[in-house]
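Have a look at these structures, which come just after this line.
What follows is chain A paired twice: with chain B in the first complex and chain C in the second.
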Partner chain A sequence: MELTISVIVGFMILGAIYAIHARDILSAVIAGGIVGYSLVICFLLIKAPDLAIVQIVVETITLIIMIAVVLDSSRTEAYGRFDGQAYATAGAALVILLILFWLFRHASASLDHFGEGTLRMSDAYINGAVEKTGSVNLVTGVIFDFRGYDTLGEATVLVTAVLGVLTILRIRGRK
Partner chain B sequence: MKGMTIIVKKTTQLIAGMIFLYGIYIILHGHLTPGGGFAGGIILAGSFILLILAYGSDFLILVRKESGSTIYENLGVLVFLFLALTGLLFGGRIFFANWLPHGTPGELISAGFLPLYNICVGIEVAASILSIFLALIIFKEEILK
Partner chain C sequence: MIVYWLCFILFLTGLYGVITRRNLIKIAISLSIMEFSCFLFLALLGYTKGGEAPIVDPADPVRTYVDPLPQAMVLTAIVIGLATTAMLMAVIIRIYRKYGTFDIREIKNLRG
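Moving on, here comes the complex of A and B:
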């Protein structure tokens, strides 16, 4: 199980690296799709079908929109010059990456083994959730009953995003 | 945007309705099976996006469709907020109180407010994704004009 997930995560890293370095933007977008669809398989392997359904649907719609945009505009990437400032930025990114790696290494030493044990808060959600919410699907019970504020916030974020897109893209005013 | 060939159009005619029905099924059974408002809403928007991509924008009056979808999007969030606020009135002064009778767990009509929340979020997500897609297409048409 852990070996399978490790292999899939390796594929995701390869796809992401190819997406950065591809000369053709269309192939970069499709290589970015590798990351999303591999994540779907990971979600199915760790038994999270709710997340898998959402991820596969969102990934498909995003890929369709990105491909439609790329086909209608340019397919070649505009490369900038690689001067001293670029070297400084790359060096700073590398230092921050090493610090983060060291911190995550220390943090993961104090966690439980992968797939074992639950957090204290999730025990309160799992025990007797069907009686409290009346919903057989525990995920729906959590996101709409225990964590209703979160879902309201997510819905509001989506509305705000649409408002921003309409504000930026509207050229002529509506009569 | 130009439409595609006759093969794509006929296949889209056959499939789009079924995709729409599947989205409604995912939304309505959100409290019983995996899925829910977010996944079902995006599937609903996907059936519309499929139709628009296959037939092109000559057949559809896009601006009117966009104003409709923005209205439904805002309506979805407002009804969601209103249903949550009713908990303040009837559910012992608790925001998001699930004060409707819960019924038998496992049946289609059960779990009080959760199916209603699912329907609101489903309508809102579908209208949002469709609004963004239509805004991109309308932007390109306006540029070309």
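Moving on, here comes the complex of A and C:
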């Protein structure tokens, strides 16, 4: 199980690296789609069907939005010469990445091994949730019952985002 | 354990893209890659060996389930990620219409 997921995450890393370095923006967007759809397979493998359904819908919508934006504008990556500033940025990025890697190496010591985590918080959600919420799907029970206000806030965020997109796309900019 | 490491490497790949790329769309793609790695990491933390999907069968209620709490959190985060991405792409297309480029070096007059 862990090996299968590792192989898929490896493919995701390859797709991410290609998406970052592709010359054509449209291929970069589609390579980003590799990452999103591989995530769906991972969710299915770790027994999270609700996440897989939501992720496949969200990824499709994201891909459609991104491709619409790319087709409406320019497809070519503006690669200038690889000047000193680019080297400085890449060097700074590598230093930051190394520091974060070192921090994660220390933090990972306190992680449980894969698949051996204990259900610390969720015992209350699992035992007796069916009687309390009336939903056989525990994820639905958590989202809509135990954490209903959280979902209300999420809906608020969605409405705000839709209003923001409409406002941004409709206003007339200064010439 | 190695799958956590690969998740983190995926996160670092996205971070590298955010820092070094100069094209706004690539920065948006890198941001969503970072998001995806976080979702996968959180969902992996809730996995239990031999666990089943957290849907209770009333006929056979005593079974091992994977942790439903991280899944509910990630479900919220995925939808909010879509909202932020849509907002980001709207801003990007506005910037393109005003400046005619995605290159952040040429977008100088962002203030005002």
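As a working rule, the second predicted complex is superposed on the first by the 163 of 175 C-alpha atoms of A that agree within 3 Å, B and C clash if a C-alpha of one lies under 4 Å from a C-alpha of the other, contacts with A are read in each partner's own complex, and residues count from 1 in each chain.
As a working rule, a contact is a pair of C-beta atoms (placed from the backbone, for glycine too) under 8 Å apart; a residue touches a chain by one contact, two chains touch by 3 or more.
Owing to the predicted nature of the structure, the values given are computational and were not obtained by experimental measurement.
When the two structures are aligned on the shared chain, A:49 is found in touch with chain B and with chain C. In the superposed model, A:64 lies in contact with chain B only, and not with chain C. After overlaying the two complexes on the shared chain, residue contacts for A:32 are found with chain C alone; chain B is out of touch.
In the superposition on chain A, contact of A:41 is made with neither chain B nor chain C. Looking at the shared chain after the overlay, A:90 reaches chain C, while chain B stays out of its contact range.
Looking at the superposition, the partner that touches the larger set of chain A residues, chain B or chain C, turns out to be C. Look at A:165: by the touch rule set out above, it reaches both chain B and chain C.
When the two structures are aligned on the shared chain, A:151 is found in touch with chain B and with chain C.
When the two structures are aligned on the shared chain, A:130 is found in touch with chain B and with chain C.
In the superposition on chain A, the residues of chain A touched by chain B in one structure and by chain C in the other are 49-50, 54, 58, 61, 65, 69, 72, 130, 136-137, 139, 141, 143, 151, 158, 161-162, 165, 169.
By the touch rule above, chain A contacts chain C in their complex via residues 1-2, 5-6, 9-10, 12-13, 16-17, 19-20, 25, 28-29, 32, 35-36, 39, 42-43, 46-51, 54-55, 58, 61-62, 65-66, 69-70, 72-74, 77-78, 80, 86, 89-90, 92-94, 96-97, 100-101, 104, 108, 111-117, 119, 121-122, 125-126, 129-130, 136-139, 141-143, 147, 150-151, 154, 157-158, 160-162, 164-165, 168-169, 173. Against chain A, in their complex, chain C makes its touches with residues 1-10, 12-17, 19-23, 25-26, 28-30, 32-33, 36, 39-40, 43-49, 51-58, 61, 65-69, 71-72, 74-76, 78-87, 89-94, 96-98, 101-103, 105-106.
Note for the complex: chain B touches chain A at residues 26, 30-36, 38-39, 42-43, 45-46, 49, 53, 63, 67, 70, 73-74, 76-77, 80-81, 84, 95-96, 98, 102-103, 105-106, 110-114, 117-118, 121, 124-125, 128-129, 131-133, 135-136, 138-140, 142-143.
Residues 49-50, 52-54, 57-58, 60-61, 64-65, 68-69, 72, 130, 133-137, 139-141, 143-145, 148-149, 151-152, 155-156, 158-159, 161-162, 165-166, 169-172, 174 of chain A are the ones touching chain B in the complex.
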